[in-house]
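Structure incoming, see below.
Naming follows writing order (A, B, C, D, E, F, G and H), and every chain is counted from residue 1.
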């Protein structure tokens, strides 16, 4: 559990994003957070990947069965996503094509999500650390079957060297600064998907300035 | 607290919808439910009003001050909305133009919301009952400053003869049947705004039928 | 909200049980209680209806769509159940064949459940009171989309004269006494479906008596 | 539980405020809300009484014993308060001088608090209704020993005809309008004592307008 | 649900206490409150009954089976208790000897508890109201199998005219005043059994006075 | 707390399962999760052990006393289980025959549960790590006397090198792939015992495909 | 955070128990657990120390001031306790006489509690680890001012090498086996103070065996 | 994550306090604790810094935009505070002037807060550890957008070597002893801002001593 060497914060140019098993059926099993927040957090990750040209790889577990289809927003908001099918493997890291897709990005920092957290996120996250990657597990963009299972999974992956993180922190760490041409896109990302109160602040702020100007 | 006479369910043609003080600043005070759910519930009410041509009246409390502007979705999704300004009155029912606007609809069933519940919903709801209306208070499309305050308000308004209700029930009561040409609009309303798990069911169902056809 | 006249407790021979919209899809929307407990509570009601030869009527809302099929245990454990199809009506009491089926039982005490509570239980419960029935709403055998919606619904139906009740109370009220030949069936019903700790008590009690005999 | 006749909202000129047993020792027993919020809610009531010249009567239960002294802010912020000592009576309404003090105000609307809610608020509230007063019980300015006890007390007092209310609603009902010379005092009352997020709104609004002016 | 006529507070000389089915097995089913608090609340009721010579009647449901024995503290602290056996009846009010025992006390105010609340308290409470008694249901000295079941039961019994109450309120209402020779016994009752923080206040108060004297 | 060397995921052929003190009396003490979920999680572990021929060892703490008998499902669903009696030792690892039974399996990966978690799971788990085993502690198939105790125990065992895990993750890790002849058995295992919503998905999926075929 | 070498479980003969600042005033600040449970957990530790002749050292922070006196049960149930006064130091480990008292026991395993956890437990616990002791922090026999503060403290002390533990685990680890002459004392300790449901099991078990014998 | 060498407790003379992004807008996003407690905890840190002449550095993220102004109490209670503006950087440690300001204090122990915790606290805290500082993160004086995000952040920063702590512990660790001339200032700090129950104790204690003196 030693601190990673070199720069301790993410370098957007070294990041690959793995969005695993975000399927409509599996989302119906989620009990540790609201499905609405989960879905929005995944959308926000897809959007920021598109904004920063971060490679995105998805996969799904038996999408034609009860697990259901991948939610369409990933393709919609990150059209550059690469989909890797599986032949039944539960751990995406057991799929050679999946690991190969990661390797081909030449990136060594993995931002990973997976529904359900205990399995679809935890298994490949632990394996990716073992394979030498710096791995961030975005637990609140994953979704799990019980709160107790999530608490156990956080403890397990931290013990294994995975870095636990939330959606807002991932995007803030990738954004780095508000002093950039697309800053408003980030503000909208936070306001529309992650922190609805932020949108309220933006609306109130704009109105206050308008009201001030009218005086 | 006698049971209302006549038909006990709402008649959509007798309903007027009053959406009171849904302002960005006030939404930042809400602690009894998620702001995201609240905003979506209000949007859903605006949409169903438009679908059923139910008159909608809004008002706001000092929108140029800290309370902030009315959220734009009401105007966006219910463009037929009538806005009644106030001169500082806290209780919208104290505003003659507001009461007159209600009266002019010739409708006697009021579906009412108000941010914050304890004040902006409770006060006019109690007054409207006193004025002879059948009043439904949509508590989960209102938002309050504490859970305890909401519990107290529900008890108070029920005692005063107001009918407490949730957003899903209001819309279901107005919709009446799935056997109508615009049934899909209702399904989308539930799935996109009120019950995100319902959207998951729709996605899974469609995929299951496609997968079945492909076999 | 006057106290019902005559005997205040249920008479099993006057009861008809209405189990409304217990469908696999709708169960996936339930957020106010555990789905496992909900399913077991419904099973327990079906079983007790069979034991006491109480008529059972079910219905479903568009079961071939996202709402999904009726859970099979109702038919399995109460084979005498009568199923009434609907043509899209949301409120089962809007279906003449459904009301007729109730009337044909000649019973005036209705024990009712419905998924989701706010709509599928609340609407027909209120209408049945209006129609002169004594109506018990078994809220914890219904399932709703939010806890706040359930709190609002309980307040609403009580205001309308419906009697709120839990599954354990319904069965205890129907059972009346442990001094009956089938008492063990009731104990098993509680232990297997409603109160898992009761099964533990039965197991421990038996073991304690065996251990005592071995001394 | 009939709706009170005449005007259904409070008339500030008809209100007398009874703040019962707000003592430092008793506050240490409070488990249904935060002591910080409770203390601030009581202060807010004292302040609004001073602003509107509403008579205030306090009393204490054995303040020299473990129950402790009355919190000093009542005297501090409502210096016109009248203190009525007791000779051990638990129910303040059992104290003739207390009832007499209420009668001498000639006011018929009672806004009442009491620590602990189950006893010190509930007992005199029920008696005051019986004596013909219109009684508002401010439950979140009272404090109780358990959440379950508060739920039971709300149900009990509503059944007895007491009107349950929260601190924010009381003050809003007394304030009536923002169109008054002392409006800022009310805004500060809400921001400093009841809803801390409101103060944040005021600060942000002011800054936004200043920033707008600087552009 | 009309307000009871005459004096609205309990008269200790008119009270009979019914403690129903407080059995070790059944206590193991309690999930709506802590078993420790429940047991202490029952003990406190037994003690206050002894202090005020209030008649106490107990009964048990099949105590030789899994439901287990009556907790011994009732007999220990209220040795004047009368035990009425049952022949399997679930509702104690169905047992003629039980009703007769109540009638023989000539008292018309019933303070009642029952484990589990939904059944063993609710059934006889509703029947006793029907039989003309003023009935207080001490919900936090009863214990139930789920929080939702307790919420439903409170709504049901209030609807039926039963007065809901908590243990602290019952004892405060019976005690009436601190100006009595046995006041310390009441203080100890609260401190040892109901509100552990009250005992801390007593200890701190005594120490503070001793420390003051030593100065 | 170094990451285990070699393959980081479980090898089913190296696993031995230790199910400790799952007794009816002890289950009555469980307060950190629902007893129903606990019992089902234990059953699921027994079933998967049988499916994968994983050796299972059980033991019990004074089963003829208040702790009660071992729940019968372990023997029922894993008939190959080996039972090791104890002579009063609290820590199963203090029993030489128990340790010997583990050693005789020649397996080095231990999946362990124990009721109550703080003691019956934590003590042998820590000892087994010390003895060189890779130890997985299935906390949600154990059951503890308080939530705080569970939080403390997770922190303690992680500090000692035990891997915390939930029931769903254990089975997913053992199953490895859906591409196996007995895949349906795994789906049923999840749906019937661990995640009731998964069963709903299966039912809805089947119905959707049937409905599609009928079109 | 390396695993301690040698035997990983406590040796009762090497344990010294430090019960820090269990004062009536400070107990009134506790918000992360029930005061009743806290007080009983401390009593249980005092009793087990007496049973196993484990040295006990207490101390208090300004007991003549608002912090209040040490609860009397420590002296009552562990009369061999040694009290070390302080001259205002917040961290007991800053008091040379306190450290000396620990050293004089010649024991190297410290079982420590402290009210409030964040300060009175955490500070000396971290220092004792630094001084070479093996330190167990009994968090649920300490009490803290907020749940968040407790979560933070557990994380902090684990990071510093302190072993977190709950009261039940401490006593189970010291007891080692039920096969000892004073086993019943341990059962009573659990049933009377720590796990009230255990007492219920004992009562039910005894009754079941008696009932069996009577058949 | 090795234990820091040398003295394990803070040395007030080596501490620099960094209060980051405590802005009115951002406070409106806080959902993991009450805003009232958060604001008071920050005030308490500012006050103790002034009392101990600890250098304080603040900064803000775009304070003229929706994030809002820095709360004025920091300047008010710690007038020696140094404010470092940013040019949009999200991570304060990315601002050379900010790092330089820290370095110029010549102090190596950092007590840090930041709104929101996941980003504004976590990022610079991790960087400061990397830069060789001993870093305390005061999580309950920071505020975050969700409870789950806070749980994840605590796990992340502990893994990175940051020491998690609460406000009360920071101040207690800096205060060291009650045996100091300004002890009352510390008592008031706790009572007015952090632990409102402590103020109640002080009031009750004073009253008890006065009452004792009057006897």
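The rule is simple: a residue touches a chain if its C-beta (ideal position, glycine included) is under 8 Å from a C-beta of that chain, and two chains touch if they have at least 3 such contacts.
Please read all numbers here as calculations on a predicted model, not as lab measurements.
Enquirer: Hey, how far apart are subunit D and subunit F in touch steps, shortest way?
Expert: Tracing touching chains, the least step count from subunit D to subunit F comes to 2.
Enquirer: Superimpose the Cα trace of subunit E on the Cα trace of subunit G, which carries the same sequence, then give the rotation angle to the nearest 5°.
Expert: Rotating subunit E by 180 degrees superposes it on subunit G.
Enquirer: Have a look at where subunit D meets subunit H and say same if over half of the interface residue numbers show up on both copies, different if under half do.
Expert: Shared-number fraction above one half, so same.
Enquirer: Determine the centre-to-centre distance between subunit A and subunit F, using the mean Cα coordinates as centres, and give it in whole Å.
Expert: 30
Enquirer: Centroid of subunit F to centroid of subunit H, CA atoms only: how many Å?
Expert: For subunit F versus subunit H, the centre distance works out to 43 Å.
Enquirer: How far is the middle of subunit B from the middle of subunit F, if each middle is the mean of its Cα atoms, in Å?
Expert: 48
Enquirer: Of all residues in subunit H, which are in touch with two or more distinct other chains?
Expert: Counting only residues that touch two or more other chains, subunit H contributes 1, 25, 28, 37, 65-66, 68, 151, 155, 197, 200-201, 204-205, 208, 211.
Enquirer: So, with touch as defined above, which chain pairs make the list?
Expert: A-B, A-D, A-F, A-H, B-C, B-D, B-F, C-E, C-F, C-G, D-E, D-H, E-G, E-H, F-G, G-H
Enquirer: Quick one: which bits of subunit B touch subunit F in the complex? Just the residue numbers, please.
Expert: Residue positions touching the partner: 201, 204-205, 208-209, 211-213.
Enquirer: Within the complex, which stretch of subunit G touches subunit F?
Expert: Interface residues on subunit G, with respect to subunit F: 1, 3, 8-9, 32-33, 37, 139-140, 150-151, 154-155, 158, 163-166, 168-169, 172-173, 175-180, 183, 187, 194-195, 197-198, 200-202, 204-205.
Enquirer: In their complex, what parts of subunit A are in touch with subunit B?
Expert: 24-25, 27-28, 34-37, 39-40, 63-66, 68-69, 71-72, 196-197, 199-201, 203-204, 206-208, 211, 214
Enquirer: Sort out for me which residues of subunit E touch subunit C in the complex.
Expert: Touching subunit C from subunit E are residues 1, 25, 28-29, 61-62, 65-68, 87-91, 94, 116, 118-119, 122-123, 126-127, 129-130, 145-146, 148-149, 151-153, 155-156, 159-161.
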